[in-house]
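Here come two complexes built around subunit A, the first alongside subunit B, the second alongside subunit C.
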Partner chain A sequence: MLAYLIKRLLLGVVIVFAALLTVFCLLHLMPGDPVSIALGTRATPEIQAQYAEKMHLNDPLIIQFLIFAGQALTGDLGRDVFSNRAVSVMVFEQLPYTAILALSSITWAILVGIPLGCLSAIRPNSLLDRILGLISVGTIAIPSFLVSIWALLLFAITLRWLPVIGAGEIGDPLDQAAHLILPSFAVGLGWVGYIARLVRASMLEVMNENYVRAAWAFGLKSNTVIYRYALKVAVLPTITMIGIGFGHLLSGTVFAEIIFARPGIGKLIFDMVMSRNFPVVQGAVMVTAAMYVITTLVADLMVAWLDPRVRESL
Partner chain B sequence: MKNFNEKRREFLQVASALGMGAALGGYSIQTNAEGHRVLNARSHLKLASLDPGYMVGGSEITIQWALMPRLANFTFEGGALGWAPSDFVSHLSQPDGTHIDYTLKPGLQWSNGYGELTSDDVKYSFERMLESEWKGDWSALDHVEVKDKYSGTLVLNKAFAPIWALALLSGTGTLVCKKATEEVGGKYTVDVPATCGPYVMDWIPKQKVTLTHNPLWTGPKPYFDKINYISIDAPEVAELAYEAGEVDCTKILAKTHVRWMKSPPPNTKLHVVGALQYMWMGMNVDHPKLKDIRVRQAIQHAVDIDSIIQGAYEGASIRSYGMVCPGLPGQRKDSSVDYNPEKAKALLSEAGVSGLSLVLKTLNVQERILAAQIIQANLGAVGISVKVIPLDSGPFWNMGQESKGDEWKDLQIWLMRFGGSPDPHSMAQWFVKDQVGIWNWERWSDPEYEDLYIKGQLETDPVKRNAIYVRMQEIMENTGAYVWIGHEPEVFAHRSNLAPMIAPSGEEDFSRFTAA
Partner chain C sequence: MNPWREKLQLFMRNGKGMFGLVLVLIFFASALFAPQLAPHDPFQLNIPARNSGPTIDYFVGTDQLGRDTFSRVLYGGRVALKIAAIGVSVSLLIGLVLGMIAGYGPRWLDNALLLFFDTVRSFPTIVMALAVVALTGPSLGMVMVIVIITSIPGYGRLARTSTLALRNADFITAEQSLGAGPVRVLAGHILPNVIGPLLILAAMDVPVVVTIEAGLSFLGLGVLPPTPSWGSILNEGYMVIRDTPWPVVAGGIPLVLTTLGFTFLGEALRDVFDPRLRKGY
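Let's turn to the complex of A and B:
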């Protein structure tokens, strides 16, 4: 187990490095001069030169990358070229908002998606299964930004039940929770259908396993067979997917963050890409890539903990 | 007793406004549980620096005005920009073109124990601008002469009419505390070392700035006790937040302006604060296809501006006849170029040009792409085929600059929009000879324009200034390189019981917001 953990952590370092290299290359492949975009019309050649020097833009690309990677290894993600604030501070200010949004979205998606998947699997090809299938595919198909806008128009503008913008007052958990409802609904809706379909497929497979059929033959209660024997195994692939999904949401909530004017890491990266603020983009991507690696690792460890077969194979 | 009566009246005003708002189903400005007046305003808050010498502008200026001293306030009466002494001075005057006298009010305290606001702070603040990123706006300042602890004179190196609009009334006219700024190395970003204004701030990055009363402030108490300056990037989201009652004052899009003029949300007033942007279609006079002035003039006559204003901007943009924006000296009210496709065809025929094909480049913004398509149809009607290329901001802003490669050589026609400070000088500066290959992408120059450019800076007589800038725009139009399109207005929506004070360039002066 320890060897597996070390192996995965080393792999994680490689993944983070690869993600950084990719983002670095993409940033520098983007058309347009970052100096002109960042400083606009008022910048004199002198100011442009200062800015280019601050961003190491005159150095070869490999040197620029090595400078960043070298600093990152020592825990220094650099400084925002405009405000001179530490990138690590900026990123970790935003990260909790995205983490809580991703967590609440995935949590309600699990709470609804797993029972839906079970219901579908219990009576395959029944009317209920077909209706739930339609709903699941429908929720997957609707883009989350569209859900965000509809939810906002209905619940905030028309019905005036929920707040529209921001993350709520700091120190007021109820207000923060109220501000979380619409964004997490919009972000999690697609995952409801996805989890339901995944659980259904796994459950159908598990329900035909000998040990489940034996449980039925012993005359155990259906709830015991379904939830204690079948679901426990059927949910394992879902856990892996949830781990990946959570990691994905850490940078994939950008639409909800823009539409609901919420702070968050996705919006931070988006804003900084638009203003070609390379140090912040690189720092934020590095942190989200690391978080992604950690969440998938945690999911895999959970699977290993729940499934002795996996544990033994490590 | 008088205070009690005033408070009672204010309470009744607020209560009746709230009651009226509720009765109409709309929102009104709030009073919180403690009886404090609270304003929620939308900001496009990207705080990078609150140092007047190194800021980006926009919301940063709004915050500076709430926290820091300045000599003059803008006024905007009868559609014209003016100035008035601020709450920080007891005297401000300009006895001649090169001198501006001031006397600070005594007893105004900097925060963090940095003592009183003095004339040394004024000298330090303005003279450091000459070394700052905004030194262009202060190029006319020679030095500041300190007379005593509170008074002094700004001495200019030449008469410079735009000094008010460009410098003293803008964010760069903000005063900083000499001692505190020197202690942090002469420059700061978002941690202001000392403030001295009606408000103090609390910033939650990417969320909001909260402004509350400065306990050290001895000047007139601002109407609002607390201002939540909320960061909402997308303008459409800000409009929804306004409709949902979460902000009381927000800038709105031009197309929303048109819609809300017909059917505004309840309890809402719309306020056009200015129109300091100017949009045109430019032509590269050096390009072989456009070298003949008759071809350029044909294009000028072939474009139907009214169709663009209606089709692309739903009538929300103000038709333009030059670079100088509405409300400023030098704004042209008419043009010698009219929409005349027959004349355009005749000019092309006279030039011996047929089967001309051009490339029109624009930023990939919805309205501008629509405008480009209308131009494409207009020019097609006179026999000029046009290929429209929408571009991301990166490549777009590089295409006419010689320092960014050779693309300027292939540049033919393009849609461009600039914004400026509320003085015609700020608009005229981009078209001088020195700007060819930098921001003068049309690549023309004219000795008379250069001469008038200098005269416009020195002239303080409004009538003569007006004539100078009108003539400069005639020269521009006569090059055939410009098709003037429109000035997109800066529009704010706010609650009916709010009287905002917003600069023509869109920055809110919260200390001067009151109840209507």
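Let's turn to the complex of A and C:
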């Protein structure tokens, strides 16, 4: 177990490092002069020289990378080109919004997806199974940004049931919750289908396992067998997949944040890309990579903790 | 009975598969014959008729400049088809080669390639795309590069797994003992056994690729105006969503239909040709 943990942590460090290196290379090896990319062509030579000095652009690339990596490790992600605010502060201000959106989306998707998958698996190939299968494919087939746009059109503009933009008044939980409904619906919808299909497939497999057959043979009630014995193991791949799919989830939140004009990491990166504020883009991408590593690690550890077979083999 | 005829009959009996095939054929036909099918020039402005709903002249209305949305959607399919055809085939090819090398080559190379696959596969595509496009500026070529890089790992992993399963098979050992080098073994014997599942994955990957293009174009990071793409139609529609709902509806439906078509087709092909693959998805 400990060896496994150490291996995973090392892998995580490598992935963050790879992301760091990729972002760095993109920023520095792209054709064109980083100073004029960052400041535009109209900056005076003095401002350009000052910027180059501040960003260590006159040092060799290796030194630049080491400075960049060393600062990133100590939590210093650089400073905003325009406002001179610390990038880490800007990113962590936005983080809660994205975290709440991602969490609420995946939570409702799990709460709906797992029962749907179970219902399908109990009577495979029945009419109910087929209908649920079509619904699952349907939810997967609509890209999340399209769900966002259509949900905005239907519920916010045509029916006027829900607020359109922003994250709601700070200090007014009800208003904030109302602003969360549509984005969270849009980000989570595709996951409902994914989770339902995955739970169905792994339920069908688990139902044939010896321990489930033994449970039936003992004469346990069908609800006990299905929910306490089979489902408990059948949900494990879902947890792994949510860990792996975190990047996908984050892509969904980026679109939802932009479409609903909601604060968050995605909106921050998008706005900073549009204003060509590269240190912020760089810092936010780094934090995203670190978040990804932590999420997959937690998901894998959860599976190991929940499944005795995996736990033993580590 | 001829095994191919048997497979064909199995496929023909698969309702979803046939439905998917029809949708896919419509996708190809509407993109290829867009100039013949479009009732209007997709760039022709008609300011007095802007933001209109469906009329006899404009099936699904017009956009903010009075251009015919239906014609623009048809032409947008050409961008989607281009991205899908080039993006999927190039990434399939690279993924296949890298995956076979990982599966057949030394252990350290395998580990290095796996690390590369896992890192790329799991990183949020859109976040990376945003960072890249910020530096290079929006263009169809950049979208293509992003699509290819993010699709390689899926093919690579699948090719690797299949190669690993084969590398110790008797016929490979026999070939090696006859003095065949790695290139001959890989190209002549492993490739034909590995390619099938990859082609099925490719069919299922098309909608993913099309969606990435649409998403990036929606954010203004893909094709440049006035070129119509489903994403840019959605983007322009989003800007005027309070005035007319038609562009965002019309721009989105082909995306959904394409996804459904390729998903159903891919699943049917998988069930017919390689039922074992089913588990992983």
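To be clear about the criterion, the second predicted complex is superposed on the first by the 269 of 314 C-alpha atoms of A that agree within 3 Å, B and C clash if a C-alpha of one lies under 4 Å from a C-alpha of the other, contacts with A are read in each partner's own complex, and residues count from 1 in each chain.
Note that in this section a contact is a pair of C-beta atoms (placed from the backbone, for glycine too) under 8 Å apart; a residue touches a chain by one contact, two chains touch by 3 or more.
The structure displayed is predicted, hence computed values, not measured ones.
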- What is the contact status of A:47 with respect to subunit B (first) and subunit C (second): first, second, both, or neither? first
- What is the contact status of A:84 with respect to subunit B (first) and subunit C (second): first, second, both, or neither? first
- Task: For A:267, select first, second, both or neither according to whether it touches subunit B, subunit C, the two together, or no partner.
- Result: first
- Which of subunit B and subunit C A:255 touches, first, second, both or neither: second
- Using the touch definition from the top, say if A:165 reaches subunit B (first), subunit C (second), both or neither. first
- Query: Just subunit B (first), just subunit C (second), both, or neither: which does A:157 touch?
  - Reply: both
- Between subunit B and subunit C, which residues of subunit A are contacted by each of them? 30, 37, 152-153, 157, 258-259, 276
- Message: Which stretch or stretches of subunit A touch subunit B in the complex?
- Response: 30-34, 36-37, 41-45, 47, 80, 82-85, 90, 93-94, 152-153, 156-157, 160, 163-167, 170, 258-261, 263-264, 267-268, 271, 275-276
- Note on the structure: Listed in rising order, the residues of subunit C that touch subunit A in the complex are 115, 118-119, 121-128, 130-136, 207, 211, 214-215, 218-219, 234, 237-238, 241-242, 245, 248-249, 252, 255-256, 259-260, 263-264, 278-279, 281
- Sites on subunit A touched by subunit C in the complex: 11, 14-15, 18-19, 22-23, 26-27, 30, 37, 137-138, 140-143, 145-146, 149-150, 152-153, 157-158, 197, 201, 205, 244, 246-248, 250-251, 254-255, 258-259, 266, 269-270, 272-273, 276, 278, 281-282, 284-285, 288-289, 292, 296
- Would you mind writing out the residues of subunit B in touch with subunit A in their complex? 46-49, 56, 133-136, 189-190, 204-208, 230-234, 237-238, 240-241, 243-247, 392-398, 401, 403-404, 418, 430, 439
